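One chain, subunit A, links the two complexes that follow: it is found with subunit B in the first and with subunit C in the second.
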Partner chain A sequence: MTGVKGMLGAVVTAPLGWLARLLDAPLRLWQRVAGQGGMVAFFLLPNMAIFTIFVLLPLVINIAYSMTTGAALFLPDRTYVGMGQYERLLRCTDYTNLMTCQEDQFWIALRNTGTFVVLQVSLLIVAATITALILNRALRALSFWRAVFFFPVLLSPVVVGLIWRWILDRNGVLNAALVGVGMDPVNWLLERNYAFSAAIGVTIWAQLGFFALILLAGLQAIPRDLYEAAEMDGTKPARVFWRITLPLLMPNMLVVIVLALIRAVQVFDEAYVLTGGGPGTATLFLTQYIYEVGFASLLKNPGLAAAASILMGGVLIVLTLLQLALGKRNERKGKLK
Partner chain B sequence: MKNTMIALALGASLMGTTALAGDVRLMWYSDGVEGEVMKDLVARFNAENPGINVILDEVAYKVVQEQLQIQLEAGSGPDIARVTNIKTLAPHWLDLTPYLADPDYWRTNFGAHADWMRTDGSDAITGFMTQLTLTGGFANATLFEQAGVALPGEGATWDDWVNAADQVAKSQGTAAAFAIDRSGHRISGPNVSYGADYIGADGMPVPVDDGTKAFAAKLVGWVEGGQMLRDTWVAASGSTYRAAADDFINAAIPFYYSGSWQIANLSTKIGDGFDWVATGSPCGTAGCSGLAGGAALVAVKYTQNAEEVAKVMEYFAREDIVKEFSERTLFLPAHAGVAAAGGLNWQTDDVNVGAALDAYVAAAGDILPAAGALPAWKWASPVYGALVNRISQVMAGELTLDDAFARIDQDIAEQVAAAQ
Partner chain C sequence: MGRIQLHDIRKSFGAIDVLKGIDLTIDEGELVVFVGPSGCGKSTLLRMIAGLDKPTFGRIEIDGTDVTARSAADRGLAMVFQSYALYPHMTVRANMAFGLQNTNMPKAEIDTRIGEAARMLEIEPLLERRPGQLSGGQRQRVAIGRAIVRRPTAFLLDEPLSNLDAELRVSMRAELSALHDRLGATMIHVTHDQVEAMTMADRIVVLRAGKVEQVDTPLNLFNRPANLFVAGFIGAPGMNLWAGQAKGVSVQLDSGALLPLPLGVRVPDGPVTLGIRPQHLRPEVGGPIRAEVRLIEALGPESVVHADMGAGGGLLAVLPGQPDLGRGAVIELGYEPQFVHVFGSDGQRLA
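Coming up: the complex of A and B.
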C-alpha cells in the first residue's frame, strides 16, 4: 500500500520538481538583475494583471461611460457630457420633496436603500448574534441546528426570492393557511409596509446563517476561563454578555457589520424576484434602478446607469472606510486597556 | 480604437458561438407552442440542406428584450433573431435583397409590414413577421353564464365590459373583474379608442393628450375601485412587463385584455376547464381599436454567413411553411398570399380557438389610424415605457394623475434626447 502511495506521490511531484528545476536558473538570474523588489513585483504581476483587467479597467470604463450620453455602446460613438449625468441624477428644486428631483426614481431608490440598510443590517446583526449565542451552547443535535440555519445561505438568491414569493403571493401558501383557519387573506406584496418588511425579512433569512457562523467562530475563540472567573464572582449573565462576550466579539462583529452593510447597499436579486420593486416604487432599490435604466428599459441609458453606479460605489467606499476607522479605534482602545 | 474594440468583441463572440462557415444561429423566444414547431422546422431544413447548419438558440423573452440590443450594439449577436422591438433595432438588420432569389415574392407577400422592420425611408427587405398580433380581450364565458350576466355585445364600451365583469366577479367571488397586461403597448389601443394620438406632425412624440388622460384616469379609478386586479400593475416598478394570463387561466378574473398571441397559451392551459371567448377591443369615444403588432424574424447584419442566412429566411418565408407554422401555432399569418387564400386548418381540438381567431380577424378592421401607425414608429418604445412606469405609480398612490402626465412628458423627452 505504502509502495503504491509512494509511486503515486512520485508521479505527482516529479513534474513539479522538473518545473522548479527548469525555472530555478532564470529566476535566480532575474533576482540578480531586478533585486528583491523586482522579485516581489514579478510574483505580484499575475494577480495585479487579473485585478487590472477585471476590476480596475471596468471601473475606469464605467467612469468614462458616466460622462457620456446616447444609446451607442462604444465609447468613441458616445457624446461626452462631462458631469451632465451626475447633475441630472442629483438635481432637485426642493431636496425635502423627492418629486421635485429630475430623476425622482433615483432619489426614491436612494431613500429606500438607506432605510433598508439601517433596518436590515440592525435586525440582521441582532438576529445573527442571538443565533450564534444559541448555537454556541451545548445543545442536543448541535450540528443539525447549525446546518438548519446555514442551509438558506446555500440557496441561490433567485430561488430564495421565488420560494418566498410563492409563500407571500395573493394565492400563496401563507394566505392559504390564513383562509384555512378562517382568517381573511392579506395582499402581502401589494401593501407598501408589508412588501418592504418582506424584503427585509427574506434577506435576513437568506443571510443569517452566514453571519451567525462568523460570529460563532468569534464566540468559540473567547477563552473559557474568563466566563469561569465571572461565574465564580457571581456576575449576572447580562453583564457577562456586555463586559466579556461583546467586547471580545467585536473584531468579528466589525467584519459582519461591514459585510452586511455592503450586501445591504447592493440588495437586488432576492428583492427583485420577490417584489419587482413594487408596490409602486416601495421596494425600488439602487441596484434595481441601475439595472432598469441601463439594461431593462426599452431605450437603454448606459451613461445614466454608470453615473448612478459610481455614486453607489462612492457610498460603499465611504461606509467601508468608516467601518475600518472604527475598527482601528477599537483595536487601539483594546491595546491601551 | 473603435476597430480594436469591434475586433475584440467579434473575437469574443466568435469564441463564444463558434460561428463556422455554414452555421446559422437563430435566437428564438416562445410565447406558446411555437418553439416546438420551430424545432421541427429547423430539423427538416437541416436535413434538406446539408451545407447549412441552423442552430436554434431558444431563450426567454427577457433575453431578447434586454441582451440582444447590447450584443447588436457590440456588432455581434445571432445571425437571425425573432424580435418584437423591431423598429427600434432596425439599424442592425441585414438587407437581404441582394441575397434573395426572388425579392418580389417578399415585397408582394410581406410588403405591408416591411416598414415595421426597416429604418425610415429605407426599402430594404430585412425579414418577415412570423405572426400578426392584435391586442384584444378574452372573457370567461362559463363564469359569465354562471353569474347570469350576458356578455356585452358589439359596440360595448370599456365601462360596459368592466361593469359586466364586476357583476360576475361579485357573483362568483373572483379576485377582481378584469386585468390588463402591465405594458404600454397593451393600453395604447384603448388610449387611441379614447382619441389619443402619440405622433406629432413632425413624427416626434406629442405631450400626453386628452385620449391618453381619459383612459389612464379610468385605469386608476378601476384599480382604486377594486375592479382591476392590483397585482399586475401595482406589484412592480419601472417598465417591467407582467402578463395577467395566469390569473385568467386560473379563473381569478372573468375578463382579460391582452392579445391574439395568447390564444394557443389559453387553449393549452385551460383545456376544457371552462369556455372562453375572444371579445375584440371594447370601445372608447373614438372607436374600438386594438393595436396591431407581432414578432418578426429578422436577419442580423453582423452575420458572417449572409448567403446561408438568406437561404434559411427564404425557407421559413415559403408559403407552405408559413401556412404550416400558422396552423400549428395558432398564429395569424402575416403572409398576404396565405391570408388571402384562407382555408387555414387550425390544428387544435379546442372549439374555443377557431372562434377566437375569427374574432381577432374581424377586430383587425377596427384598428384606428393612430393605432395603425404605432408599429412602424421609432419612438413608440419610450412612450410605452413611460406610460407603464408612471401610471403604475399613480395606482400605488405615489403620484397624482397630473404629476404623472407631466413626468411622462419629461421621461419621453429625456429618452428621445438621449437616443438622438
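Coming up: the complex of A and C.
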C-alpha cells in the first residue's frame, strides 16, 4: 500500500517540484528587484492579466468606439467624431416632447427603462418582503415552499421568457383557460399596458425567490425574544413590523434594493424573449436598444451603441458604488457588535 | 396586588410532558425563585405565567382573576429576558418608552417614569446610548428598567444574571434583592444556580422533571430537605448521601461505618439513605467515620476534603482552616446527631 501511495505521491509532487525549481530563479530575481511588496504584484499578475484582457481592454475600446462613427468594425478604419455620438444621443429640440429628439428611440428606451425600474423594483421589494415574512413563519413543509419560490431563480432567463410567452400568447394557456370559463381572450402581449405589466410581472416572478431568500436570512437573524418582549408589551403587529422587523431588516433590505436596481436597469433577456420590445416600442429597454443599434438593425451603428452603453454603464457604476458603500457600512456595524 | 396562583398546570410538547401538574401560590410582594437542573421545566413554567406559552391543562390566576386565556399583554406582568431582549436599533430611552407608547400614555408621563427608573437604576447617563454601546451589566439594568416603567403587578425574571461574569453576578444579585425591597412587588426569578436561589429568595420552588419537589424558605430547604433530590441539589458542596441499613437507633452504612441517629429519632429498620452536609462533619478522634484522604481543596479559610470510606463510600468534608493532611492520610470524623438526615427507600425524608 505504502509503495502505491508513495508512487502516487511522487507522480503528483515531481512536476510541482520541477515547476518550483523552474520558477525559483526568476522569483528570486524579481524579489531582489521589487522587494517583498513587489511579490504581491507577481502573484496577482495572472488574475490582473485576465481582467485586463476581458474587462478593462474592452471597456477602453468601447470608449474609443463611442467617439467614432461609421459602419466599419476595425477601429483604425473608423472616423473620429469626439463627443458627436453622445451629442446625437442626448440632443432634443424640446425636452418635453421625446419625438423632437434626434435619437428618439434612445429616449423612449430610457423612459421605458426608468418606468420599469421604479415599478418593478418597488413591487419586487414589497413582494419579496411579504414572501419572506410568510416563509419566516414556522409553517408546514417550509423547505418545500422555499424551494418553490427559489426554483425560478435557477431557470435561464430565456427559458423564463419562453415559458411565459407560452402562457400569455394570444393562443396561449391563459387565454385557453379564459375561453374555457366563458370569457373573452385578451391580447396580453400585444396591448401596450398589458405587455409592459407582463414584463414587470415575469421579471418579478423570476427574481422573487432570490431576493426573498436574502430577506429571509435577515429575518431569521432577528432574535425571537425581541418579538416576545414586544408581545409582553402588547405591541400591535403593524407596529412590530414598522418599529422592530423593518429597522432590523434594513441592512439586508438596502442590499436587496441596490441589487434589484442594478438588475432592473440591465433588464433584457426575459423581456426580449417575451415581447421583443413590442408592441411598437412599448417594452423597448436600454439594453435592447443598444443591442439593436449595435448588432441587429440594418444600419448598424457601433459608435452610437457604444456611447449609449457607456452612459448606461455610468448609471450602473453609481449603483455599484452605492452597494459597496452599504456593504462596508454593514461590515463596520457588524464589527461594532 | 400581585398574588399569583397556579392550579394543576400541565404542558406537553407532543408526547413529552414537560410540566406534570404544578400547584403553587405566590403571595403578594414575595420574591420566589424557581430553581432546578436544566430541562426541569422552570423556564417553561415562567413563560406560561407570562402568557408567552399556553398550558395544555390547568388554570392561572392573578389576584383572583383567571388569566389563563388572556394574552401576555393583558396580564399586567413584565419580563426580563436572559438575553435582555433590548431593541438594538433604539436608544435606552426609546427601549424603555416602547411598551408605554403602546398604551397611548402621554409623553410627559412616559418621561417621568423613565426618569424615575433611570435614577433608581443609576442609568441616567446612558439614556441616549444604544444597547450595543453598553456593557453586560448596564444592559441588564436597562432591561430591568424597561420592566419597572410599566409598573407591573409582578416581575418575571428568566435567568437574568446568567450572562454576567461571576463578580458582577454577585453584586447584581444584591441589587436585585434591594430593588425588590424597594418596589415591594411580586417577583418570580428563574435560575439554575442554587446559590442565587438561596441568597435572593423569600421562598424557593425546587423543580425536577416537571414536578415541584419542595417549596419552602431557603433555610428550611437547607435544614430539612423533603427528599433526596432537594438534599443533593441545595447546598454547596452537595450533601454526603450514604446508603445503609437502619437498625434501632443507628444506621449501618454499606461502607461499614455504624452511625448513631439523633436522640429520640426512630426510623423503621430497613434500607435507608443517610445524609450529612460536608459542613457538619468535624475532626474527632475516635469518631464514627474513618476515611482515607484523596484530595484536599484548600480555599484559605476552609478546606474541602475528598476522602474514601472504603467499599466505594466517598465523602466530602468542609473543615475549618488549613488542616495538615496529606493524600493517603486517615482522618476520623464526627458530627452532631441533629444534623443527620434520613431518607427512606422511596427517597422521601424520614427524619
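Just so it is clear, the second predicted complex is superposed on the first by the 272 of 337 C-alpha atoms of A that agree within 3 Å, B and C clash if a C-alpha of one lies under 4 Å from a C-alpha of the other, contacts with A are read in each partner's own complex, and residues count from 1 in each chain.
Rule of thumb we're sticking to: contacts are C-beta pairs under 8 Å (C-beta built on N, C-alpha and C of every residue); 3 or more make two chains touch, one makes a residue touch a chain.
The structure presented is a predicted model; accordingly, all values stated were derived computationally and were not measured.
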item	value
Fit or clash - subunit C, subunit B, common subunit A	fit
Partner chain(s) touched by A:L248 [first = subunit B, second = subunit C, both, neither]	second
Contacts of A:P223 with subunit B and subunit C, given as first, second, both or neither	second
More subunit A residues in contact - subunit B or subunit C	B
Touched partner set for A:R239, first subunit B, second subunit C, both or neither	second
First (subunit B), second (subunit C), both or neither touched by A:M99	first
Which of subunit B and subunit C A:P279 touches, first, second, both or neither	first
After fitting on chain A: smallest Cα gap, subunit B-subunit C, Å	50
Residues on subunit A engaged by subunit B in the complex (per definition of touch)	69-77, 99, 102, 104-105, 170-171, 187, 189-190, 192, 275-284, 288, 292, 295-301, 303-304
Parts of subunit B lying in touch with subunit A, wherever the complex brings them together	1-2, 5-6, 65-66, 69-70, 73-74, 85, 88, 175, 230-231, 234-240, 242, 250, 252, 381-382, 384-385, 389, 392-393, 395-399, 403, 407, 410, 415, 418-419
Subunit C to subunit A touching residues, read off their complex	50-52, 71-74, 77-79, 81-83, 85, 87-89, 98-99, 102-103, 132, 146, 150
List of subunit A residues in touch with subunit C within their complex	223, 225-226, 228-236, 239, 243-244, 247-248, 336-337
